[in-house]
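Below you'll find a set of structures to go through.
The two complexes that follow have chain A in common; it is paired with chain B in the first and with chain C in the second.
For the complex of A and B:
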């Protein structure tokens, strides 16, 4: 019985730790953007280009992160809930059927920040510990 | 005290001295190198930033290639098919080679143009259903060449809820008909409903309006379109689709319908489709029925699949039925009489995806003809096939 309890506690801890790991992301947007938070569903719609404008009509520019970056890995797991392969298949389908292509991948945090600050509709994601300088602001992702 | 150096120790003295002097000079030499490296990295980062911002900058006009505003893509697929049966000669052919080219231009965040052209040559199956009244027996044809504009539309988006397109494109009827990219299918040439005559018009033409809405974590959407009926191009038909999908598109359910004229009257086509996607498992199922006078050809399939081995391999099985009661054509053979058939295709296969953009397939299919027309004038229609194919999306 004790072994079972230990196993359950261990597994629960592991699940919580995995969940916590996957939650350590924040969205950055241009400082002029009036939004203060964003839901996972909105981020998904923006990423998939189902929605191409912010509510005020500003054209959306989503910058993805480098393929091997830990941020992208967390983003796919916790926000998109897809594997990299699944997303590749999605974009193949979109490119062939509707002409839409995947968001531009950008490497270092500083570069992402610089690009998001340059476009009023700019948007990307960073680790939660990222400290923004001028030009961008951080939105917390709400929802499950 | 004067410094005295033993002559025999001079080489060792010079060695130690040069090492010490070298050590003293080393930081002075390394410092500028690190600085210049740092400057170089900054320079490169600025250049990368410039290139990325140029690529992302909205342009007032279309620029060619390597620009986000104009996308060029496509696919290539080649297939090899082996067939054999009691009344079918063993034969093999490189039966299809298709190149699809897509060009899309984004003029603003709500206006874009999308196009696709298919070109290819093939050796398709002649008299595919082994009709004894045909002048030739089932077999691969000599050579066929074709080019087709499968998509070409200008789109204006008023937001996610209302997008209007003018031109032509894949008909939003079920799943396979609107995702009919060869490289996306897990089995070569996709399900039978794409090859069954008289089910639905395969392309919309004129106007297509679609949109989608959030409903909590779920989505639902609609399509409405006009099309030109294949057998009666004098009056446009209309069609529509309603779909619903759960969070993360794990479950997608759709209902489709199409109304059009024929030479003798009118027809209605109805269909439903279901997709379950619980990665790595997925199931696709579709059903389409065409209603016209007393005839009602229909087709349905079920296709479960699973990804294994780090998503590089995909195993699938399928059952695919078609009741083609209005079949007349058999490839290049002109049939004046109806040639109804009922066919159950079933089989299994393997897809190997070494990268997300490349796919190799191997599949086995048994073509089991059912009912009164399974054997015609002593000619058995049943046969089996092996297929090998490769596809790439770019």
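For the complex of A and C:
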């Protein structure tokens, strides 16, 4: 176990040292979630609330991060490929069209973890360096 | 032309009623059609209305939810938890009420129900977590509280989302409903238009055909009235439809037909009157019996188209019919029927005998007249009509027309023939009277010449002798011897008495003709009377050198006019002396109670049978004895006197063997 942790830390460090991008992001879901990986498109759909359920039918609960958190800016840049302003506009229009509102923003990692662990269909994103405790699991974002 | 019996099978009124009924039905159908066509839209509107209400409730729920979450968020800095909780409870109450209302309204809208269920679940979760926060926030660390709040917020978001979804769903369904209603907005109009087209098609076709038929029928009738008013009474209006107008047309036709029949009858009558007038004119021009017979046969044959015609007139004895005129019959037949005894059974004699017309309409009809069968066969006669010629109560004769075909005689023809016969009879009667008158005038003329001659005969010697005597007296000397004078005076006296007898006779005749002959009846002995007359007139008889032989029964007493009977006896004796001079006269008197018979027999030339009746007529004398003088009035007067005594006078004679005048007188006059 320790060796695994070490390798992860090493890899993270490597990435930080050499990475073109500032930080890699990871998706966390409830442990009960059978999914093992997730594509960027899926994440986008989930965020945009175009898909509201996991494939097994569990209600999807996406928790956004605080507006000024580095994870969110990364998330916008690498996954959503939109600016915060664009997203604000999107949600304003969505609120008018479908009544859907933006996912609830949650500040610290710990709180995100606890929320995801409490909802079976919970989901959020964390920096790759985040070490999950009990109740959540990390999914790699695959694809481009 | 006969208008057939009319049976009305259609009715205009009933058809008009049908049209009315159809209009009513169409109205009802139109109403219901529109109603059902709008029904869908109405339901849609109801639903839209319903969903609007749900929308309202959902909005309320959303507001309540918002205030709830605000209340919950206040927990972070809350001092008066109770107030916050109260506010939360109030807003939650509002939310639940609104949700309940929405659920109540959403009925069977499954999609909305699903969303609402999701919302309720989320609201429940939210409430639980909120309750949890309210219960435990004092014991929670700030981070944990924040987590709990986030959870509550998440639930409220979910509820919000579900409610929004429901709203959107409702809006969508409302929109689609509205779109559907909008799309279907023309359906009632189309239904109305289609029904109207049907209705108009029906009314136009049915009504038009009805109107057309009516128009044609009325036009027909108008044309017919036009024709009829112009005098075409044989025009028959066509019956197009067996309805009321057809009935009217039929009635019109019947009326016109009757009118026409009346006109034809009128024409017939006028024609008949014209023909009768012509006949009357023709008859009025016919003066003699022969002319009348000619006219009768000619007109009769022409009027009824007979093949042959004949007129028979009853002879003087009244025992037979003399054929006076026949046409269209062969000479042998005419010869055969020249005179027909009245007891021969043929149609003409039967008509004469029964005083009524006899119609034989076919060959069989002649079987009851065996006497004419041979003639019928010979001439090919198949039917005939025989009519009596009747004037007043007496029949003058008969007229008969024959046809070579069997035929029925219509009442019209019968009447016409009878009218002809009547006209003919009257003309015949007239002509007979004319003939009689002519004969009477002739004999009167003859009588006048005889009378003047007779009157002149005694006057000439009288005048001569008077002149001789006058001349003697003028000379103043009477050279005549007394014997000569006595003879002259006696001769003059004879001439005068002859004259006075002639005048007396003439007076008697005028008395008799004017009906002034009256008898002075007294009781006398006929023998005395006879002797008296014989002795009184012995000198006259002696003059004629007569020998009178008398054989008389005694006591022949009766009531007689003495003077008149003397006149009769003298007349008979003078006649006998006149016609048989120098021959003995036998006079006999027989008492044949209650009659008395006086016979005066001479031995003169006698009287021919054809003259035996005539000699008793006025102005009649037997021609062959022209050398005998006299007016020929004696026997006439004698006959009138005897008739006045209710007796008979007649003559029995064989020409060449003298004549016997017989006078039968009743002894007592019936009073």
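Criterion: the second predicted complex is superposed on the first by the 122 of 144 C-alpha atoms of A that agree within 3 Å, B and C clash if a C-alpha of one lies under 4 Å from a C-alpha of the other, contacts with A are read in each partner's own complex, and residues count from 1 in each chain.
Everything that follows uses one rule, which is that a residue touches a chain if its C-beta (ideal position, glycine included) is under 8 Å from a C-beta of that chain, and two chains touch if they have at least 3 such contacts.
Source: prediction; values computed, not measured.
Superposition model on chain A: chain B and chain C are shown in a clashing arrangement. After overlaying the two complexes on the shared chain, residue contacts for A:98 are found with chain B and with chain C alike.
Once the two complexes are overlaid on the shared chain, A:56 sits clear of chain B and of chain C alike.
In the superposition on chain A, contact of A:110 is made with both chain B and chain C.
Shared-chain residue A:128: touches no atom of chain B or chain C. Judged by the touch definition given at the top, the superposed model places A:67 against neither chain B nor chain C.
In the superposed model, A:81 lies in contact with chain B only, and not with chain C.
Among chain B and chain C, the chain that touches a larger number of residues in chain A is B. Look at A:89: by the touch rule set out above, it reaches chain B but stays clear of chain C.
When the shared chain is aligned, chain B comes close enough to touch A:45, but chain C does not.
Once the two structures sit on top of each other via chain A, chain B runs into chain C at 58-66, and not at any other stretch of 4-12, 58-66 or 310-318.
Within chain A, the residues touching chain B in one complex and chain C in the other are 59, 61, 63, 98-101, 104, 106-108, 110-111, 114-115, 118-119.
Those residues of chain A lying in contact with chain B across their complex are 41, 45, 50-53, 59-61, 63, 81-86, 88-89, 92-93, 95-101, 104, 106-108, 110-111, 114-115, 118-119. By the touch rule above, chain B contacts chain A in their complex via residues 45, 48-49, 52-53, 55-56, 58, 68, 71, 73-75, 100, 102-104, 106, 108-110, 112-116, 151, 157, 159-160, 170, 178-179, 181, 183-184, 212, 214, 217, 248, 279, 307, 311, 353, 356-357, 393. Only residues 143, 146-147, 150-151, 153-154, 157-158, 160-161, 163-165, 167-168 of chain C touch chain A when the two sit together in their complex. Here chain A touches chain C in the complex through residues 59, 61, 63, 98-101, 104, 106-108, 110-111, 114-115, 118-119, going by the rule given at the top.
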